[in-house]
Amino acid sequence: MTELIKNGKRQDDRKPEEMRDLSIEAGVLKRADGSAYLEWGSNKVIAGVFGPQKCIPQHISNPYKAILKFRYNMAPFSVDDRKRPGPDRRSTEISKVSKEALESALILRHFPNTMIEIFVEVLQAAAGTRCASLTAASVALADAGVPMKDMVAACAAGKIGDEVVLDLAKEEDNAGKADVPIAIKPKSGDIVLLQMDGDLTPEEFDETLSLAKEGCMKVSEEQQKALQEKYEMEEGE
Amino acid sequence: MGNLSWNVKSKYIHQLAEKGERQDKRDMYKYREIDIEPNYIDNALGSARVKIGETDIVAGLSFDVGDPYSDSPDKGVIITNNELGPIASPEFESGPPREDSIELSRVVDRGIRESGALDLKELCIEEREKVWLIFLDIHILDYNGNLFDASELALTTALKHGHLPKYEDEKIHHKEEGEKIPLKKLPIENTFAKIGDKIMLDPCLEEEKSLDARITFSTTEDGLCAVQKGGSGSFTQEEVMKHLEKSFDHAEELRKQIP
Amino acid sequence: MTELIKNGKRQDDRKPEEMRDLSIEAGVLKRADGSAYLEWGSNKVIAGVFGPQKCIPQHISNPYKAILKFRYNMAPFSVDDRKRPGPDRRSTEISKVSKEALESALILRHFPNTMIEIFVEVLQAAAGTRCASLTAASVALADAGVPMKDMVAACAAGKIGDEVVLDLAKEEDNAGKADVPIAIKPKSGDIVLLQMDGDLTPEEFDETLSLAKEGCMKVSEEQQKALQEKYEMEEGE
Amino acid sequence: MGNLSWNVKSKYIHQLAEKGERQDKRDMYKYREIDIEPNYIDNALGSARVKIGETDIVAGLSFDVGDPYSDSPDKGVIITNNELGPIASPEFESGPPREDSIELSRVVDRGIRESGALDLKELCIEEREKVWLIFLDIHILDYNGNLFDASELALTTALKHGHLPKYEDEKIHHKEEGEKIPLKKLPIENTFAKIGDKIMLDPCLEEEKSLDARITFSTTEDGLCAVQKGGSGSFTQEEVMKHLEKSFDHAEELRKQIP
Amino acid sequence: MTELIKNGKRQDDRKPEEMRDLSIEAGVLKRADGSAYLEWGSNKVIAGVFGPQKCIPQHISNPYKAILKFRYNMAPFSVDDRKRPGPDRRSTEISKVSKEALESALILRHFPNTMIEIFVEVLQAAAGTRCASLTAASVALADAGVPMKDMVAACAAGKIGDEVVLDLAKEEDNAGKADVPIAIKPKSGDIVLLQMDGDLTPEEFDETLSLAKEGCMKVSEEQQKALQEKYEMEEGE
Amino acid sequence: MGNLSWNVKSKYIHQLAEKGERQDKRDMYKYREIDIEPNYIDNALGSARVKIGETDIVAGLSFDVGDPYSDSPDKGVIITNNELGPIASPEFESGPPREDSIELSRVVDRGIRESGALDLKELCIEEREKVWLIFLDIHILDYNGNLFDASELALTTALKHGHLPKYEDEKIHHKEEGEKIPLKKLPIENTFAKIGDKIMLDPCLEEEKSLDARITFSTTEDGLCAVQKGGSGSFTQEEVMKHLEKSFDHAEELRKQIP
């Protein structure tokens, strides 16, 4: 196996604290109330938001606030081995933690008895899809005009070889020592999504968290830029 | 369907059709703007993104090696599927209509299968033992009508530009391009909607919801290979034959747009 | 492979434009509101109709008309290789196009908020089951007293060798060049079901349609006969 | 069940039973008219259509070759199933009651399996490797009660007249009759309903819906092989034994009617 | 194969009419309204009862009485070969006959429009689980305070070699000639559950029923004891 | 959740938390009483019953031999599952929350898998051909919160005391103990709930229902191996790091209680 990091350079020539290229476009779908398309390294992700709208089935509605639904879904051709259509255990877990991450950023009490549905389609997957998906969903929610206290920006950091690095690529994820995807609310820096697996000392974990938070701040800038562009385009029309 | 404001809208679409007009000012026999992007998914060895107006779909191929069917031991296998998911339209909020999705898969599959466009014998690796399985997956992102034509266009494009993966030592190397996919013809589908007694090409979603009857012709450079009528209305034999002829022209028009 | 057609005779001795034997009996089930049993060549099919009745689940009801449900179902022993019980993709498509074919013949606006259910069981299958099933369903609907503008009669034509022939038998379907099942409303001749697969020139397709329509007219006569016999039996009681 | 007019009807059925009478004037221990037609399905190598009064069912056999169970490597396998579909009764409009359908399959299966009527060892093609799988499928067309007895009668008839398909060169020839199915006995089921404290044979649907308890005996020429009690009521031991004895007579009566 | 019975002794040293050890404890679960834990030979079974409570879904409710739901469920590790989670055909049938057996003992008319749910988890299975499960369920129902005309006590008898014996153990069940699980209402002796498979003469069947009923009476004593102990404990608190 | 009386209760729990108190008078960083019984199921070659307060679960192991995954041909396979069934709580009356059950399985699975506690290579029987499949099944009998910690504790105990079955002549002898399960470390999970801005260990069910955020650390004797944050609230980085440190102590405390 080739080394994942050598002379401070990673296989794709990135520095340890360097993120893969990220670009976001808001308002790409016509029928959704809000949407966003995102490319992050080789990841391609599209998010669509519907709502607030009538809650179906009605018995799950909440008289105090809107309920949130989140569906993370991979296209069959998004990975080398065909992904069987439909939810599996992994996507169900990702949908759950993503939904919870967004809940604290949204002002749901304005829309009792309604639901807001978020659908994210992963068209091309190359490590980091849950961060890509959550980041796109947050832009789509803003695009839909759902009132938010703050955005949610997500990024992972991890450990390859002996080093803590930002935003693991596919081979780094497969052969690395630990992966820590997080999401924060950029204004406060509070962590709203946090998962980890691998093998880290507490010190390394702390360092990873700090680096991932920095990544989230960069992601947040891209989110703002996408929304601004959309806004300017609409202004210009 | 039992919705009041929708009934008003639908009546309006019927009135327009009566006059030979459409909401978006289109000619009765004209496609919306078409955009075709081959190799849209880097991960896939064959893929395409196709937009017809606001309808936006991605098709991608996946590959496996498996047993042939016992009644065609020297032929590869194709499996066509689609995800007509909730992201594509608020219509599907309470779950997509399963029968529509199945009809879509089966009709675009027939376009490719019955036309003989794909030489399934070239997908045989070892008779009776091992053949290529090609999964043709259609993923619908934005749905504004006429999924039949868009899906067939995307699959034909993906197949035309597609490669099999390398297969060595009983292993599939998904990352490495092998031989070209043996696509011999370019099957195209053209769908017409009948609203009242007027017939129009390439219905958008609201036209689909208002239509009385629908007919899809699947043709190749060589001739007709499949037909599917839908909707609760009817066609006369003359209407069928007249639009089959139109279909050959429109198919040629689309075929030229495939890069 | 033996030739499918030779000296103007098909393997089962039929002429090109000759239909297999067809017999229909109306009113064969006791618990259904209407029913029909049909034998067509080696096909055996039974259709039962329930309704118009309360729509279940209620949220799919239509305030302007009755909704129609159609279930085409093959018995496990109807084919050589056991058919796994339950709906599959093929039967779902057949059910859909059959339902649509019937809709324009029925007067559904008389019964808002109700549903009419049609169940067809294929007990023995030998090519042409969708036409047999739709033909039987139409008789069962008439037997149930559902008001109809016209019957629906179905028949296929196709191409074997170089010839256009009526009502393909099993081997002809398997080895033939094209199969075109259609259904018409006999009064107007309008086509309410039309599918085709295979390989035909426009001229051949036109010829096939004409022949299939002739077949439908013969089927229509058998439908009338079956309903008349049932009516006479009831009169005679 | 909570339906008012049905409650009146059910009370009437109870009152009749109290007097030893039934709606259709039948004797308490008499079957409705029985009609048995073997080989009803030409496609199947074993089949039968059975009517008991207005209850109308078809049973058919299908065949496959597969692995034996590891704990009986020298025995064929039977799989019993039924479709208690919506065509058979408006009762099932919102989906058939799954647990009733499962109980039916398991009880008629036990009649055949536990009786040893079918010599499973003769269904072994190659020990540990290949055995016959026989699917026993029951298709219910019209349901007016007593599916247990009708289904067992249909399966026993289908098996008695049935043949295995030919098996040559590892291939099943579904069209060609091979050896006879090794049915050594004729298992029969007889079902009694208890309404109030009266017991009657062969309940029709309305009697089934009114019954307090139900008991089915499965017997062969040689003796008792299975029993199933159902319903929310109870039987005394004396009632059970008395009706077991009656069951042997009624089984013989049905057995004679199998062509 | 070793003989199942020899010199009047069974493989586990029991006499023909001897039951395996049985112990029952009532009130073992905190969140259920009533519960019971039961060990019977190597069987370990736990039953929980919820209700009478609001009927869900409402459309299955009965305006004249409470409806009863019964779920017999085996833990994956309860048998040697892992049992796949979820209901199968066997457990569905057991649940049905168990529910019916309990219905005549409960006074359901006191609680119209409600439901009573009984869940039995088989943690360790060693022949006779349906009798163990029903016996535990009956105690759990009493523990929940559901009004009962009588308890339901279950026990099997059967035939091994040439003898009729009580309460078959696992090997006896596998290699024996017949198994007859029954349940009775102890006050009247009426049979509320009865299944049989195997091969018995009418005389043997009668003998088996008599022996099984004796077994049920012993089981009934253990049920009473368990409820009394629970009652005394509560008194003592 | 939208239930009025529950809202009052939840507010009370928040008020208590504000003062650093809990309903059951527990210290904020204290487990409820823990009871661990290894080998609870005689039939299973590895099992344990664990109670944390009123939460009561049983874990059991089952075994099979099968193919390895193609990307780890020399490693055994573990499959973790749980039944969060209706017996455990009236909360689940209308069916258990599928996503909660899946999260539970995946989080306890990661504790064992990512820690490398189980030496999967020792579960290889024959490279590329045959490896042990171990099913780790968690059965929840009584649910009063904190299933993560209870489940991980039960699995670790079951594995520590567990044996593989004997495997001879291609047959698994489920009744006979083979080698010990190669468990090299003892993974433990510790779960904290954040209510308002107060954080507490081992939440009971009512605390779980009231919590704003939840964090679970999975550690072994050697270090951190998995983390899972849940709930709609947030943690600061400082909170995360502070409770990770506490987690190492509490893990050691639980580890000592495993017999």
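Note that the chains take the letters A, B, C, D, E and F in the order they are written out, and that residue 1 is the start of every chain.
Here, a contact is a pair of C-beta atoms (placed from the backbone, for glycine too) under 8 Å apart; a residue touches a chain by one contact, two chains touch by 3 or more.
Since this is a predicted model, take the numbers as computed values, not measurements.
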Where chain B and chain D overlap in contact partners, by chain label: C
Neighbouring chains common to chain C and chain E, by label: D
From the options A-B, E-F or A-F, the pair that copies D-E, where over half of the contact pairs coincide: A-F
Most distant chain from chain C by Cα centroid: F
Relative to chain E, chain with the most remote C-alpha centre: B
Mean-CA-position distance for chain F and chain D (Å): 48
Centre distance in Å when chain C and chain D are each reduced to the mean of their C-alpha atoms: 32
Euclidean distance of C-alpha centroids - chain A vs chain C, Å: 52
Rounded Å distance, chain A centre to chain D centre (Cα mean): 58
Residue list for chain C, restricted to those that touch at least two other chains: none
Interface hub residues of chain B, defined as touching at least two other chains: none
Cyclic ordering of chains (reference chain A, direction chain F): A, F, E, D, C, B
Chain D - residues contacting chain C, complex: 40-44, 47, 54, 56, 58, 60-64, 81, 83, 85-90, 93-94, 135, 137, 139, 141-144, 174-175
Residue numbers on chain A that touch chain F, as the complex places them: 61-64, 89-90, 92-93, 95-97, 100, 103-104, 180, 184-185, 188-202, 205-206, 209-210, 213
Of all residues in chain A, those that touch chain B in their complex: 29-32, 42, 44, 46, 48, 50, 53, 56, 71, 73, 75-82, 85, 117, 119-121, 123-126
Chain F residues within the chain A interface of the complex: 1-2, 98-100, 102-103, 105-106, 110, 114-116, 212, 215, 222-237, 240-241, 244-245, 248
